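In what follows, chain A forms one complex with chain B and a second complex with chain C.
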Partner chain A sequence: MSILVSAIGQGLTWGIVGIGLFLTFRILDFPDMTVEGTFPMGAATAVAAIYHGFSPLAATLLAFCVGMLAGLVTGLLYTKGKIPVLLAGILTMTAAYSINLRIMGRANLSLYGKSSLLDLFKGLPPYFNSVFLGMIVIIIVTALIIYFLQTNLGQAFIATGDNSNMAKSLGISTDTMQIMGLSVSNGMIALGGALVAQENGFADVNMGIGIIVVALASIIIGEVVFGELTMNERLIAVTIGSILYRFVILIVLQLGFNANDLNLISAIILAICMMFPAFEKRFQLKRSLSRGISKHE
Partner chain B sequence: MTKRSYPLITAIIILFAFLGYAFFAEKSDQNSAEPKTPTVGILQLMSHPALDAIHQGIIAGLKEEGYIPGKNINIDFQNAQNDQSNLKTMSSKFANENADLSIGIATPAAQALANSISDRPIILGDITDPKGAGLVKSNDRPGGNITGVSDKAPFKLQLGLIKRLMPNMKTLGIIYTSSDDSAVAQYKMFKALCKQEHVKLKAYSITNTNDLNQVAQQAVNSVDAIYVPTDNTIAGAISTLVGAANQAGVPIFPGVDTMVKAGGVATYAIDQFQLGVATGKMSAEILEGKKKPATTPIKYFTKSKLIINERAAKKLNIHIPASLMKEAQTKGEIVK
Partner chain C sequence: MSEPIFELKDVVVTVNQGTPEEINIMDHVNLKIYAGDFITVLGSNGAGKSTLFNIIGGDLKVTSGEILLHGKDITNMSVEHRTRFLSRVFQDPKMGTAPRMTVAENLLLSKKRGQVRGLGARRLKQNMAEFEEITKTMPNGLDQRLNTPTGDLSGGQRQALSFLMATIKRPEILLLDEHTAALDPQTSAELMHATNMRINKDQLTCLMITHHLEDALSYGNRLIVLDHGKISYDVKDGDKDALTKEKLLTFFNDIDG
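Up next is the complex of A and B:
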């Protein structure tokens, strides 16, 4: 059972990364590649700061700020430099690699014998420390984002993503909105990196590989499983999707597939999830499904 | 809130209900029944000839000590395929199935194990600097549940060999991956040795294999020979380096046997398979309870053999003394 608890704990932490990507990928409709650089950047910043004597909380907040800076760079390259957003993200991600090496001073830094945010939750059954930490952070983050999206600024932000020309004609500074979205999104991804590094006990400069797939998986699984929802509910569905993705990986591991096939299997599962809406439309799966389940609809 | 949101709310309720149940259930039964056949978990960072050789060596070492996989021992082998987000899930899988012993191959794998498992032994396979990686308190007295085998490359023998084969060498180049902690550690050790031996060393670093061609082109124009440490990234792209160097007539002296076979000239290399065997044997001793991780010092595997690539040497007009050829023939390996 504890392995399920561990998966939930990881799912909650990765949910933060998923929500971070949701802001750009779904709301702004941007493919933001910066995340593969900001995730290890958050990890590197937090671990290096703790290593040099910062309190874990201060180190984690510092990671958030550093991530925002990286997002700011991508935003400026895109809006002011007129570089396509995919390229701008890749440029920042590439540069982040060198910066991460500088932050840590080496390629891999361990937290062995140092304190971390998980120490706040001592004396619990195994893995519940990461569950509690992840849950507290994800509730705070989700609540803040939900609150923000209700404000005038938040509405302008959503409008920018929906239709930037229309938003511009309404007097919204779309550049500012896009820069803000990229900054906050990358700040959150760095925050996720900081938490994952503290849970894993180390930061490694190569830990960004595959992050975008994990974050996309959370978003898409949440959407496929729960269907059409309001904006607030979609945010929550990302976290549940992230937990479900951890379960999927766990099942793949438990079924005892050849370890070398793991990446292939995760990709196939994701592809099926992503194709699901298209199939659904074609075969009207949903209607026949709901007809099968309930009589009155 | 509409009807559409019911599944989401249901999912959240189930999640909390499960967590609440698990919280109290875990408190009441901390220890379940022990399985009779011991289980060994092996966690490998990625597929790569040297790491695969260690993995095979470990299995062979366990067999030598009487543990036959599938018969009187269960082996759970996991490979994270260089995606570090998998490491944690795999480590907690080992922890959950009460693996009696876990073996980590490559530093991040070992660190992930160390973070998930604190009450059962962990054996390190091929970690260059266990203390630097924060895995043990000291290499002589690890003090916790972790010990293992480390590979200390025979730098002195390797440098001696380079000097002997290249008597007119003015500058030696070294190429390593700056994002690989263990490669950087080796670069530092090699640099110190060169200073001691008054060899002029020029360092070049790459961050991934795509940089290699250009860095190599630059290096071959200003050095007389190139040394490559035990570097997983460069090992994967050694043909690129050999191609660039041979065009300029510069020989490569790598730290690993597989790189000599791929076009390097010669080296004294640690046999990765034998290192795995040593790791497997140590694991067996700890499984039997003969030794405890806390008091078992990190074992430095230094046994090396001479490997010469005759064809590469001939191509670059490097004369290899007959005594060395004989040594390679009897105790080492000659690649033709």
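Up next is the complex of A and C:
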């Protein structure tokens, strides 16, 4: 039971990372590699700040701001420096590794004996504190993003990803939209990193490896499971996808796989999910499945 | 005569500068556009029609010369800023609309053309009545598809939407870049008719590139012919009314000759 609760808690926290990536990957329509640097950057910032006496809340907000700065760097490299977005992200990610080491002063830093946001929910059964924390943060974040996307600015942001040529012809500064999207997205991913570090009790400079795959898995699993959805529903589907992904990982580990193989397994799960639409089209999987069901009826 | 609202003064655009391939794709062009002008723009491929639109729209920087709006120099004004007074419909139906957003959402975006977009709610519902009304002026059932993503529309519907988006907030200058060329003959004729109605009703100032000599003759009060980056003919009002297809063909023969 506690394993399931733990998986839900992790799913909720990682949902924030998924929604952060959704802003760039699905709305702006490009892959942002910066996330592999901003996730540990958020973790490093929050842990180092708490370590140096900041309150957990202030440390977490600081992590969000630092993540936004990293996103801003990628955004400027891409829009003003005209560096292809994939490379701009890789540059920031690579630079972030050194910065994360500087933030922590070492390769990993423990929160042992320090307070964290999880202390707000003391006295609950095991892992319920991370579920509550994750739920509160994900509800706030999702509500804010849903509101934002319904504003005039949010609509201009969506239009930029949908057809930047059209957006420009309507006077929308697509550069500003892309910089804003990258900043907010990486802020959220750093926020996710800050929360995960507090749940784990430490930050490690290598904890960013494979983050983009995990975040993408949340997005894609949500899409494969639910199919056509409105924008608001898609945002919620990311979090559900994130929880489902945790269950899949849980099952895989229960089957006896080694935890060291997790990145390999994550990549395979993501690859299968991403190939699903192509296979579905080719073999008409959904139709065959529903035909199978109706026959039994 | 009144002052022009928009003017190109001795505009030159040179490409491949400093190389043996150096060429003026816009060659000392002077053009005065007056309020209410509906100018049809003709020219062979490579004559400079799209270059002219790109200069007016700000997509292409001029090498020398001046661009004036109400007598004020806007030569270095960005594309985004020019959208405050200018809108454009492209030839490709995919260029002018956001495919994953609905027809209504696209129209709402274009209502704020050239304005700063803030964190106020977008107020889609409050605008639906207006959107239903203006889409009814279009020939191909666009009013029935307000909540459809534009990616699911036909090319004709998309172009009709692009045209509405360009005119929903009155532009001082409307650029139509062969906006009916990618459509089948009937849809093209219907959209052209609706376009003309709207331009006349709202007394819009418009430049329209076309390859149809008939359209160039039937619509508008003024016709210009471009050739090798120069305006070789500029026919207005009564002279344009008197212009025949045969006479127009002689323009092209003169150019080719």
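The rule is simple: the second predicted complex is superposed on the first by the 276 of 297 C-alpha atoms of A that agree within 3 Å, B and C clash if a C-alpha of one lies under 4 Å from a C-alpha of the other, contacts with A are read in each partner's own complex, and residues count from 1 in each chain.
Following the convention adopted for this analysis, a contact is a pair of C-beta atoms (placed from the backbone, for glycine too) under 8 Å apart; a residue touches a chain by one contact, two chains touch by 3 or more.
Please read all numbers here as calculations on a predicted model, not as lab measurements.
Undergrad: Report for A:L28: first if it touches chain B alone, second if chain C alone, otherwise both or neither.
TA: Neither partner.
Undergrad: After the superposition on A, what does A:F226 contact: first (chain B), second (chain C), both or neither?
TA: So A:F226 only meets chain B here.
Undergrad: Touching A:M166 in the superposition: chain B (first), chain C (second), both, neither?
TA: Second partner only, chain C.
Undergrad: In the superposed arrangement, does chain B or chain C reach more residues of chain A?
TA: Touching more residues of chain A than the other partner does is B.
Undergrad: According to the stated criteria, A:I211 is in contact with first (chain B), second (chain C), both, or neither; which is it?
TA: Touch status of A:I211: first partner only.
Undergrad: Give one of first, second, both or neither to describe whether A:I138 is in contact with chain B, with chain C, with both, or with none.
TA: neither
Undergrad: Give one of first, second, both or neither to describe whether A:M93 is in contact with chain B, with chain C, with both, or with none.
TA: neither
Undergrad: In the overlay, answer first, second, both or neither for which of chain B and chain C A:I243 touches.
TA: In the superposed model, A:I243 contacts chain B only, not chain C.
Undergrad: How about chain A: which of its residues touch chain B in the complex?
TA: Contacts found on chain A: 1-8, 10, 14, 97-98, 101, 106-108, 110-113, 124-128, 131, 196, 199-202, 204-207, 209-211, 214, 225-230, 233, 236-237, 240, 243, 246, 249-250, 253-254, 259-260, 262-263.
Undergrad: Using the touch definition up top, name the residues of chain C that touch chain A in the complex.
TA: 57, 79-81, 83-84, 87-88, 94-101, 105, 108-110, 112-115, 117-122, 165
Undergrad: Contact residues on chain B for chain A in the complex?
TA: Checking each residue of chain B against chain A gives 2, 4-5, 7-8, 11-12, 15, 18-19, 22-23, 25-27, 30, 44, 47, 77-90, 92-93, 95-96, 107-108, 111-112, 114-115, 133-135, 178-181, 184, 207.
Undergrad: Tell me, which parts of chain A touch chain C in their complex?
TA: 148, 150-156, 158-159, 162-163, 165-173
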